[in-house]
Structure formats: C-alpha cells, structure tokens
C-alpha cells in the first residue's frame, strides 16, 4: 500500500476537516501518500485533486466545512459514472479510498467497492441519521449551534412573553430537534417520527403561561410540519403572540465542538489503520464510545430510529 | 427627589439589563428608591411594577433581554393613554422616570414630559437608527451575532462554492448590514439607503468566482429588498447556486458584548446623575465616546443617515 | 417514597445544575418532594436546605457551578459526622438522597448508605477521574474551556515563534491534558501516568521549529511536573523562548457544553427513576452511551486508567 | 508612489491581521504594491518579507495574532540599526512604511521618519496605553476575553462562597482592569494609577459576604501589586477562602471582537489614504469615533491617564 485518496461528499459537516487531518497524519505515519480529491465524487470524475502532506492539514482541525470541498454529483449515480470513477482511481494508482459523508456518500462508496476499490467510509452528517453509528461527525456541533441560537431567542421570548417556534434541520430524523430540545430545556419538541396534536400543544402553552412561565420554545424538526402554517396555527389557537425563527444553514457551519473533533479524529485515525491492516469495504462508526466498523451494505441498511426513552425523558423534563 | 421609575419599551435589546442595573445602583448611591415598571408603558397603565434594590440587579449585567419585560402599547399613543400614565406616575409619587427603548419609546417619553413628568430617555435598539447618538444599546451585540452567524455560513459557502444571501435586520436603516458587512468581510452589502443594481452584483459574483474565490456573502438589510425574490434573481442571473439565510430574532438576544455593557452602564449611570442634578426632558446618548444629552424633541428629530465614508470603505475592502 | 434530598459536594463542575434540574423535574413527575441541601455535607450537618420545585430549577440548565452550593466538609470524614448526618436525614424524613460530586462525595455517600440511608451518587467532576463511568459531568466543558484558551495562546505562539506550556488540571489523572491535547492539536501532551523525557521533548521542538512550524503547544497536567521548573528547563534546553500559562480555575466554570447538559440530564433523570424503582446504594454513570449503575463500593474501587490507545494516537497525530 | 511596506512589531494584538488586510486591500485599490515585512523591525533588518496581494489577506480578518509575525528587536534601538533599516527600505524602494504596534513600535517609526522614511503608525496594543488615541487595536478583545474568564470564575466563586483575585495585564495602565471590571461587574478594581488600602478592601469583603453576597471578584492590574502576596493578605485579613487566577497570555490572543475589527479596518484604510495624499510621519488613532492623526513625536508624548470618572462610576456600581 502506497497511496490513498480521501474525499468529502454531500452536505458539509463540522469535523470533516478534523477527520481529513487525522487521515493524512496517520497515513504519513505509515509512509503512505495521500491525495485529497476535490469536491467529492465530482472532483474524482474530473481528476481534480492535490497531494496532501502534514503541513496541508495544519490549523484545519478547528475549521468548519471541508477544505477539499464537497459537492453533489448526479453523474455518480449512474453505472457509467461509477466505472469512470473506478478507472480514474486506477489511473491514480490509489490503493484505498476514504469517503466522508452521509448516506449518499456511503452508497457511492459501496458502488466503488463493488468494482474492486478498497473503500472505507466515515459518517459525516449533521443530522445523526445513520443507523450503524451512535453519532455522526457534525451532529454535536449542530446541536450546540442550535443551543446558542435558542439561548438568544429565549431572551426575547422572556422579555415579551412570546412563544417561539424554532425550525431546525432533520427531514426524516428528529435527532437534532430532540437532543437540542433536551439541552436547551425547550418546552416542546416536534419530530417527524412522532405525530403531534396541535390542540394539546396550545393547551400546554396556555397552561404554562397561566402558571407564570414567561417563555415558551418549540423546537420543530424540518420534516415534521410546515413551519409557517404551524406557527400561524399555534398563534391562532393559543391567542399568544408566536414568532418563527428558521435556523437554517447556520447549523452546517462553525468550528467543531470538542466532541466532534474527538470523534472525527478517532474515526479518521481508525480508517487508515483499517486500510493498513487490509480491511476494506466497511464504514467506520462509534458504538458505545468504541470505534466499530460494519460492511458498507449493512451500514446502509441499518435503520436509524428515534430514541424513545430520550423522547419520553424530554417530555417529563419540559413540564 | 425620593423615588424614580424605570421602564423598557418596544423591542428588547441586549444591554437593557445592564442599563437598568446601572440606574438602580446609581439611584441607591443617591438614596433614591427605584420602581421597575413591568412591560413598558403597558405595565405603567396597569400600575404593574416592583421595587428594585441592589440585589434585584445582581447577575443581570450579562443577560440579554430585559428582566422587567417589554411590550408594545398602542393605548399609549392616545392622549387618554398618556394622561392616564401621568396620573399613575403621580399616584406612585415618582419624581422621575427613565425610559429605555427606541424611537417610539422616546416619543412616549416626550408626551409624558409635556404633561410635566421628569423624563430621561436612553436609546435601546439593535438597529442603531437614532440620529442623536452615535450608538444605541444593543447594536454592537447584534452585529456580533451576525458576525458569528456569517462565520458559520462562510464555512458552507466555501465548501460548496455557493453564494449566500444573509438577511439582517434594518427596515429603514442599513447600519447592521453595513457594520456587520465590514467586520465579516462580506463581499456585498445591500442597504435601504442606497439603490442597488442586481446585474452589477451578479457580474461581481461571476468575476470573483472566476478569480477563484470560493465564497460569496451578500448582507441584505431587511428594508432593501424581498429576500426570496432577491436570492432567486441572483441565482438566475449568476448561474451559481445561491442560498438564503434569514438571521431573524437571533439578533435581538444574547449576552451583551463588552461594548454594549459599557455603553449601557455609562448611559444608565448618567441618566440618574442628570435627574439628581435637576435635568429632565432629555435623551442621553453617546457622541464621540462622550456621554451627551439632547432635549427629547431634538432627539426625535435628529436624522439618522448612513455613514457614506464607511459605505465607500466597505466597497473598496470587499474587492 | 415521599421526599428526597439532593446535594452537591466537593469542587463544583459545569452540569451540576443541569443534573439538579433533572432530579427535581423527574421527582415532581413522580410526586416526590425535593429538598435541596446547601453546601454539600456541611449544609447537611447544619440542616441548611430549601424546598425545590419546578420553578426553582428554571433557567439553571445553562449555568455553571451549583446553585445549591458546594463545600468541603472534613467533619463528615469522621464517624460522628456521618452519624449526625444520618440523624438529620431521619429528622427531615428523607426517603432518598442523591449526592453529586467526585470520589470524596461518593465515599461520603457510601458511609451514609452503610448507615441505612438510600443513597444514589452521580459523578460530578471536571477531571474524569472516576473509573466506573466513561465520563464525569463537567469534563467535556472543561476540555472545551482549555480548547478555547489554547486557541488564543496559539495566536501568540504563532506570531512570535514561541513555545507555550499550558498547565491544565489533573493531579493523578491525565484525561484533561490528553483529550484537550487531541482536540487542540497540541504538539505535546504530558500526563502523570506516563513518564516523560525532557530531552526528547526539546529535540522534538527544535526539529519542528527547523521544519518551519511556527507554534508549539505543550499541554502539561498538574500532577506531571512543576510547571515553572518544567518551562524553564524547556527554554534552557531548546534555546527557544518558552512561556507558561496556567489555566487554573477557569476550567471549573462556564456554561456546560451540549455533551455535559445531556449527560447530566440523563444521569439525574435515571437517579430518580432508580430510587423510585427501589434501587439504592449505587452510583450512576455512563458506559458506552448507556446509563449504568454500580454499587457504591465497586464504584469507588474502579480504577481509572489512561486510555493508552488514545495516548498513542495523540503522539502520532502531533507529528 | 508605487510600493509600500507594512510590519507588526512588539506584542501581538487581536485585530493586527484586520489592519494588515485593510492596508493591503486599500493599497491594491490605489494600485500600490505591498510588501509584508516579517517579524517587525527584526525582519526588516534581515530583509525578510513577502509580496502581499488581495488573496494573501483573504480569511485573516477574523484571526488573532499577526500572520506576518512580530518580534522584539533590540538592535533597532541603536542608531546603527535604524540606519541599516533605512538602507534596506531604500533598497526595497519602499515609498512608505506602515508600522503597527505599541509605544516602542511608534518610537522605531519616528527614528525611521527622522531618517526620511515616510512612516505611518497604527496603535496595536491590548493595553490601551497610548495617550493620543481613545482606543488601541486589541483592547476591546482583551477585555472581552477577561469578561468570559471572570464569568467562569464567578460560577465557582458563587458555588463555594470564595473570593477570587484575577490578575489581568497592565503594568502601568489600569485600563484593562478598569474596563473589564465595569463590564464584568467586579466587586473591586485595583489599578496601578490609584493606591489601594487592603484593610478597606477586606472590610468591604466581610460586609458584602455578611449581606449575603456569594461571590467576590477583585480585578488586579499587573502593575498594582504582587498577585501572590496580595491574595494571601486578602485571605489572611478577611478570613475568607481566597483564590488567585492569572489570566496571562490568553488576553493577547483570540478572534478580534466586532469593535476591534472595525477599528483596525478603519485605521488601516486611513493609513493608506493618508500616504496616498502625501501625509507621513504621523500616527493614526481614534478620538471620539473619528479617525485622527497626530505627528509621531506628539503621539509618543501624549500622556495616557486613567479616566477618573469611569473609575468613580466603577466604585459606585460595585456596591
């Protein structure tokens, strides 16, 4: 094994740079050369890359985003695209390829693995929507960003006795809303996985306000309801001034948290160690504070489901 | 002089609590009693208040919002409302009233002053839209919040080579957009005071991207354009992926910055000193790092205008 | 079960308030009354407490320290002290007692348990020095504080080409130094568990500086060496300007991180659930992202040891 | 005018990079070439520099420190050193030189100006100890760093009922202690400019603690007393547990605050504008929110004195 490639694909997530750094530094340790492929699978198809060394990854541990850039690449969803990718990997003489990203990225990795490329995948996604790993790289930073945003909104909520609906990311997965709700002490958490009853919510609001509560924060996952209609309905039914704030892309960026830096570093380190040990065709993740790996097919199939105990706890503590 | 009142009215702004603390502590120093009137003029009309002492204002210096709460009060825009307010002030035997808020708040203060109440006004507004003072309480914190938000967005902008339109507050006043634009190094700043040419902007974008720039941030003040249409147009004309992020209410909250804590503290302190010296009917502000005061009528009439030199500088530095 | 007590003892740690909040809210859910005992075992011996309700714990989730206060209490190390504590617990008719703190706190809990008190302990300590749990409440916040501090120091280190020795907490346990070292990308980590060779370090420094590295950060755990002598020696042997910064008590305070809020909330919640289920005499912790409990004796005896793999990884990545 | 140089000298200060960026971008606007001289006057004497362009200063606005590095240079205090510097400036054909730093830096600039070099100086210093300008670049960030540190310490101070002595920078100038004291709500501020009475302080502490205050923060400027002896004395005389925390080099680093970014940008911009207009031999500063300039001799001679009104206000508000 002489040369490996690394790429980041799909939506960027804080900690991707920390993972790349760990990949590069660990590869150096094993005397491997590392090619940083630009803009994910798109850059692969365009043979757009740079040679990375120890200095290339100085001072990137703390940066959000991904310095080798990311992109979506529809062409790579075709058989032709994958075959072209495989050919370029052979041209570049890559003995291994580490791909960092979400579900789509792993799927692309599996296609390449099926063509005989030595692929290792890392979970980079703010949504924590990958079932084979307890946490994805970027999730802890995303909920920290939401936590700070909600802290600001609570000031205004308290000062004016208003309800705030805060839309956070999560089309199919309510993890950001649920975890952020717990760490913010939000009064309600609405996730796509659990149906909600708007009358129950508004009666909760009225009761809380009557008891003297001065703020009321509802965390609403993207996929759970239309935020504008939901907010209007809450105001209409509760009779209390209700404002909507969409956190949006803020959640994608920012310097990674301690947790994400550690997670990304450990996973990046182990990805290279596995390659060196001859392992391939696997996705690396974390389960119970231990780094684990699953074959790519299993990783893709692993169902992610909402933690019902946590959801129950959130309900009890919000009272 | 034995007793004074303090209230916060209109939109909350970070530093209002620091101002109240300074008012209370300075009043204690002069052996005055202080009534904290809840929810601005609305609370005044409802005789809703609490007696404040040194302990009431412990540990509030660093908090966003206003712990005596704020509200809008249409009733106070009527002659009847003002007369009722005046009567309650006499019932409470207030020898002075300090009002903290924006233009509307000062206007309310002027009405009371015209009825013979000893009013001092402080500028509390995140918009920096009050012409008689260089800075309003809350503005520096608001631009700091925007600065952090843009820093997050830039990570994603760079990673994906996307344009980001960031809508910030400012219906008539572009100060948040302009100042935040300079301190963030935004590529474009669009303010209500200066017409913009969308073709010029998109050709700037194309040129910058061609030169290899990987991010492009446009700060758009609320009053300058519809953010959805603007974003669509930019994408259409530039041919480059363009995303919109509306910062929204985040800008209102948060722990006040150093600058706002100092400003609020100095203004609150001087407001009481002025009352004690027999001054009244004035608005306290800052001009060139010196605390100043203007009579309320003049303060309301002072035109706020965009700093053209600063705007010019922003253009030059964004290149 | 009708009434339970909660106390925090020993050094304060960020997240203690979040744990108390979870204890109180969960107890309310089970219709239990909660007494917050002030200043740990000292307050217990002085029967100094307050009744806590849902409102008492509003807006404390995000605060550092412990609002029921903490203290050290030598008297409680005596048999007499413990018997007196037990008597007061009977006087107060407490059916259970939740103690939050480090090793000494659990030891005190065990003494009370041996006297027949229903005790549940939670690990509150910034040092992560408790072997029965993967993480202690406060640790993640402490390393985050170090991370921000080192980020500041690196600016100056880079600007001046200086070495910085950064002393962090950890008398017997190098976890803060090790974890902070990894997430900061420190060039060296010195822990009490592993002997160091000062000549090796200085030759590393010289080599790195010769290679063009402009900063060099050494994280030194409290128990590993005298910081003043160590710094002097480094400067003397390397011939490069070397500065010392002692982070100190900063590490104890601050708003808890996402991770610590979640950990503290989950542990506080489970402590009450366990009491309600009739469990007692145990310490609650986290193992592999699952809440677990051990009997108090075992919890005290569990040896905490440095994670050798992590240490090895830190060495490889620092190159 | 074709080519100008820029250097940073003395202790680094947050905002120096923002100033360099403004210098470079404004110079580009005027079609000037810019040489970034490395490590201040030392690099000048070694002819160590790089050509800077618009891209060199991308993404540095938000970084602490100085990317062209700084150093102290005793050789430049000699006549010979200055003459050598002048010769190199002629060799490089620099039509102007912008120097950023503290008193020593301006003094060096004056020496060069006396030899006929077109020098403009900018005030870069965290200490705010330069009399000709209201604020120096870096000061606002430094007090913000202290503000966050004290916020952490207050958590522990409150939890344990302890006094904290917090040593901040300022050998001759108490501005950091005074301003930070006001914005932190510190209970005492000790500055070099005003003698203190330790018995008065300890009796204040006892009175405050007796009144129920749970925390007590004393901000001690570096030049006002030996921090170890002072802390010991406070504990001895007050009988209350007293801890010392030395903030140290943390104060030098960190991403510049809004205020410092704006200040540095405005001053950097004006420095180049002045050069272009044929002005030289001056130091640029800010007075009452207006950019001003003074000749270098006057700038050096301007006495910096503590703002007595502010000091008085701090005393009144701390009660």
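Every chain is named by a letter (A, B, C and D) in the order it is written, and numbering of its residues begins at 1.
To be clear about the criterion, a residue touches a chain if its C-beta (ideal position, glycine included) is under 8 Å from a C-beta of that chain, and two chains touch if they have at least 3 such contacts.
The structure presented is a predicted model; accordingly, all values stated were derived computationally and were not measured.
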{"item": "Chain whose mean Cα position lies farthest from chain B", "value": "C"}
{"item": "Centre distance in Å when chain C and chain D are each reduced to the mean of their C-alpha atoms", "value": "35"}
{"item": "Computed distance of Cα centres, chain D from chain B, in Å", "value": "28"}
{"item": "Sequence positions of chain C contacting 2 or more other chains", "value": "151"}
{"item": "Chain-level touch network, classified as line, ring, star, complete or other", "value": "ring"}
{"item": "Chains grouped in pairs wherever the two touch, ordered by label", "value": "A-B, A-C, B-D, C-D"}
{"item": "In the complex, chain A residues that touch chain B", "value": "8, 12, 14, 39, 63-66, 69-71, 145, 149, 151-156, 158-161, 164, 214, 243, 245-246, 248-254"}
{"item": "Chain C residues touching chain A - in the complex, by the definition given at the top", "value": "21-22, 25-26, 28-29, 54-55, 58-59, 61-62, 134, 140, 143-144, 147, 151, 179, 182-185, 212-213, 257-259, 261-262, 265-266, 269, 287-290, 310, 313, 316-317, 319"}
